[in-house]
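The same chain A turns up in both complexes below, where it pairs with chain B and then with chain C.
For the complex of A and B:
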């Protein structure tokens, strides 16, 4: 029997309540709304810490706590409680969401200080925190689904926050539609799970996994993977993430880098009992992760918009996590480790990019940056630390997490392991290349911003959160990997040590050396290419590969040709059928009775004598009928 | 005299009445034609009562007379009212109930 805790509901209720207040009170909350939102976010972090330390003081088997809120659905054999579950996996997410979330709330006070709608922005941020916490705290797929939809809504609202620009509103819509495809996958997975197990709670399904056939489990697994692809911007549903950068930069840092887009990784890790029993689905997970990590990295090399380059990098790094989750029990722990370290360094980079944009009058084109390091030393330093973390230089955070994934990939066994290992290694090299490119174009080289105003360093309210996050990107990897702390912590949830190591293909030290070599090659190519003075316009004569990467490897064109245009023409035709056939029938009935009525109306001429004549004729007709029937 | 002749007379009277209602414009005449039709029906009732040698037909004839008396009261009142407001007894003038 699990222990219960009364604190869990507050984690969700506080930000939800605060969001409702900010939205309902309106302009009167303009002066204090952002402060309240920050306090609420900080108090959820405090609750998270309290729960974490309480959890640490218990033995490994008794760490999970639960709280039943109310009986939600009780229909026939479907019984779903609105209940929360905080276990070793959820607490990682709770701390990441509330911790990074609080820092980003504080950062946003300064970043959004000139925006008239700052209160609404904070209301949406709090709504996001509430939904995301519900997503990771739900104890069944149905509870998770509510949070899943909630974060989708918050993401939509925040991407389209400046919806007065049509392009931004379109980006929000695109993200929503792409997410919807994934959501359909999740709801199908829930339905199949209910049909198979008669239950939708994690614990209920976990107990009955052996009873289901492999086909059923594979179907559930593939649908869950589709859901993860939508939310985590994985191939083939990845196209929305680049456009999602239309939202304010703190949103990109919180939702589209650190937390929401990693929900897919959470979903797969949470469903480990299904994927472990469905090898085909697990293989698909690995394939999707592998494709996306290269896909994102290649797109990242060609983007001149600093936020889009970082978005492509996010896509690629989540590809690493998804790939790791497909590698069996040990992979889950490494996926979560990379997720946590990525949360730190990517949020730090996005906030750094926001700081640069703040100093550069909202310019996002890196071709018009250059030499900013002199003017914004603190931003440059923190960005640099996060940069070293993401490319995986020891002893920064990314080194510990990414090396483990590469090592696990190589050790997956046989030609599959070799292929995956090379893919991840190649990904690491491209990552080093495009991140070095971003750093060189932004902070070094000649000044290309085309005006005399020197960029000024951002205010302390922005620099402190960036600083804390970059400290996290330096040390988090070491602390999580020390003595395999996270692996042991997550053991009760994902059983990472259940699988016996079937002989190591490559030892950790060789993998580290290989990765470092790949990273150094990547850096040196980038340094070689971008060391010299750059023009402030992107070169026009480029190879076909660069053109393809600039156009996101034609992902939009393919989506438009394969789904949007046929869909539009189908809808157009259906509309025509609806107008001609269905509406036509209704209109025919109407016009026939109208015409008939108009003809009949002329009989009503008002002359009593003509009415009398009609009565006579009628009576005669009646007599004739009776006569003909009886005679 | 054959009893059927009463029925022929009744039919003739009814036809005259019906034609009168349709053809004449003066509402008093139309009214009298209606009375003629009612009495033609009465004659038929009484004749059938005689033919079938029971009294029901004769009783119904009395009912018809009562109804006809009521109808005269109401009908004449309407005609007088219309005449007062329109200065005309023609049924074609009272044609406001048209489409």
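For the complex of A and C:
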């Protein structure tokens, strides 16, 4: 029997309540709303820490705690409690969400200080925190689904925060629609799970996995993967993430880099019992992860918009995580490790990019940057640390986590292992290339911004959160990997040690060396190309590959040709059918009725004598009817 | 030597209290100073109704056929129907208490200086309250009466006050008086049919009790039975406004003061259907092959006629009158079903329809211009912009009339049609659903006019209702909403109470 804890509900209730207050009170909360939102966020982090230390003090098998809130649905054989589950996996997310979330709340006070609608922004941020915590704390797929939809809503609201610009509103809509496709996958998965197991709770399904056929499990797994693809911007539902950068930069850092987009990784890790028993689904996970990590990396090489370059990188890094989750029990732990380190360094980079934009009057085109390092040394330094982390230079965080994924990929065995290993290595090389490009174009080289105003360093309220995050990008990998701390910590949830280190294909040292070599190659190409380049304008005569990468590898064109236009024409035709056939029928009934009504209403002439006559005729007619029936 | 008939006062208490209240009201009218009458009358009415309700609650599990010398049956369904009438009357009396809608002196000639004087003095007569209580008492007696004479007496007891009340509208006096006269003439005419039928039934069975008529089946001359059923039905069908005995309805609904229309539309329907259900379920259950075809035909005609003619109406009160005709058709399917489900569904239907109707007419009474109520639909255009709350509630009530899911009207229709379906009357169900579809058209047309048509410059506005009206409309609307969201609250009750003593 799991222990219970009464604190869990507060994690969700506090930010939800605060969000409601900020939205309902309106302008009156303008002066203090942001402070309250930060305090609430910090409180959730404190609760998270308290729970974490309490958890650490218990033995491994007693660490999970639950809290039943109320009976949510009880219909026939479907019984769902609104209940929360905090175990070793969810605490990682709770700390990441509330920790990074709090830093970004603080950063936003300064970043959004000139925005008239700052209170609403903080209301949405708090709403996001609440929904995301519900997502990772729900003890069943249905509870998770509520949070899943909640973060989708918060994401939509925040991407379209400046919806006075039509392009931004469109971006929000695009994200919403792409996410709906994934959401449909999740709801289908829940339905299949209920049909198969008669249960939707994690523990209930976990106990019964042996009873289900592989086909059923594969179906559930594939639908869960579809859901993960939508939320985590994985191929083929990746197209929304780049446009999502329309949202304010803190949002990009929190939701579209550190937390929400990793929900897919959480979902697959949480569903390990399904994927471990469904090899086909697991293989699909690996394939999706592999494609996306290269896809994102290639797009990243050609983007001039700093936020879009970082978004492509996010897509690619989550590709690494998804790939790892598809590599069986040991992969889950490494996926989560990369997720945590990525949370630090990518949030740090986004906030750094926001700091640069703050100094550069919201300019996002890197070709209008250059030499900013001189003017914004602290931003440059923190960005540099995160840069070293993401490309995987030891001993920065990314080195530990990414190396482990590459190693696991090689060790997957046979030609599959070799293929995956080479893919991940290639990804690491391209990552090194495009990140170096971003750093060189932004912080080094000649000043290309074309006006006299020198960029000034951002205020302390922005720099402190960036600084703390960059500390995390430096040290988090070491602490998580030391003595396989995270692997052991997650063991009760994902059972990683079952086939740990079985059939080593390449030793860790060799993998590290290979990776480092790939990284160095990537850096050198980038340095060679961008060190002295006059990069004012994007070159126009470029190879087909570059054109393709600039156009996001034609993802939008493909979506438009394959789904949007056929969909539109189908809708057009249905509309015609609706108008001619269905409406036609209704109109026909309507006009017949109207004609009849106009005839019949003349019976109502207002004379009592006619009314009385009608009654007599009616009575006689009734007698006639009975007579004819009985006789 | 004559022995005094034994009466079970305890079981008759609810009716006796209401009649007692009515008599007390007459005395108040005769002896109390004018200034205090209105308040005292309202107190008496509310008190009598509440007390009657409490008495009904007390006897809810009792039953007897001999409470008043075999002429009244106190049973489950009877108590449910009486309670429905009393509850509806409680809500209706608050609407009626807004005396602004009533003429100051009923006997004054329309437009005469006498009338203007009384209006200016604001000294209104308050005979509406005792009249109202007599009507309620008659309506309580009607569905529990078990012999033809008591039925007739009850019919007249609740009809006569209604004839008078219909003529008391303060504005549009001539229209109101014309309506009252029409209602009276046709009502008397229908009563004659009723009596004529009763005489034939007595000739057929040699008794006037419903159980006696039922027992006589197969032993006597069927022609008498047949003519008796038809003529008795004409009298009853007149009261529920079934086609072709409906003609009075639009004229009277339009002419009567709106609170009276509300009361009449809600309570008369409950009482008359209660009596019809008892007569057909108890008295004529044996002879169902005789009457089921005619009631089926009447039901179909009524549903179609009401739904179709409502489309062309330009006056909201007339439109609701035709809507009430259509609903009578839907309710007749519950009579034809002749099973326990049909009875339970009818009880539920009457309850929810009653409250929805009360609320709807209550709101109609709020839409006014300087000359009084505005019932011309064209002048309701754009009301949603002027008073979103009132218009929103009205739209909800219309949706409930139309039977859109999540409203009580939907549940009621569903229950009654499924009962009819179970009894094998599939044609009735098909026509019923089609008629509902047609009916939805004119309800939703009003919603479109209120909300989605640009308002014209007009002096129409929604007045701020008095506290009494506000309470009344709120309660009725809430009941309608609650029964839509949680119908099982009442469905189970209706099911438990769906039982006539034979």
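Heads up, the rule we're going with is that the second predicted complex is superposed on the first by the 587 of 631 C-alpha atoms of A that agree within 3 Å, B and C clash if a C-alpha of one lies under 4 Å from a C-alpha of the other, contacts with A are read in each partner's own complex, and residues count from 1 in each chain.
Rule of thumb we're sticking to: a contact is a pair of C-beta atoms (placed from the backbone, for glycine too) under 8 Å apart; a residue touches a chain by one contact, two chains touch by 3 or more.
Nothing here was measured: the structure is a model prediction, and the numbers come from that model.
Undergrad: Scan A:602 for contacts with chain B and chain C and give back first, second, both or neither.
TA: In the superposition, A:602 contacts chain B only.
Undergrad: Using the superposition on chain A described above, determine whether A:377 touches chain B (first), chain C (second), both, or neither.
TA: It touches nothing on chain B or chain C.
Undergrad: Touching A:589, do we find chain B (first), chain C (second), both, or neither?
TA: second
Undergrad: Check whether chain B or chain C contacts more residues of chain A in the superposed model.
TA: Per-residue touch count on chain A favours C.
Undergrad: Examine A:618 and indicate which partner it touches, taking first as chain B and second as chain C; both and neither are also allowed.
TA: Only chain C; A:618 stays clear of chain B.
Undergrad: Tell me the contact category for A:629 with respect to chain B and chain C: first, second, both or neither.
TA: Touch partner of A:629: chain C, not chain B.
Undergrad: Return the residues of chain A at which the contacts from chain B and from chain C coincide.
TA: After superposing on chain A, chain A residues 601, 604, 606, 608, 612 contact both chain B and chain C.
Undergrad: Provide the residue numbers of chain B that touch chain A in the complex, in ascending order.
TA: 18, 21-23, 25, 30, 91-92, 94-99
Undergrad: Would you pull the chain A residues touching chain C in the complex into a rising list?
TA: 589-590, 593-594, 596-598, 600-601, 603-604, 606, 608, 610-612, 614-615, 617-619, 621-623, 625-627, 629-630
Undergrad: Using the touch rule from the top, collect the residues of chain C that touch chain A in their complex.
TA: Against chain A, the touching part of chain C is residues 181-182, 185-186, 189-190, 193, 222, 226-227, 229-231, 233-234, 238, 243-245, 247-248, 250-251, 289-291, 293-294, 297-298, 305, 307-312, 437-438, 441.
Undergrad: What residues on chain A touch chain B, complex-wise?
TA: 601-602, 604-609, 612-613, 616
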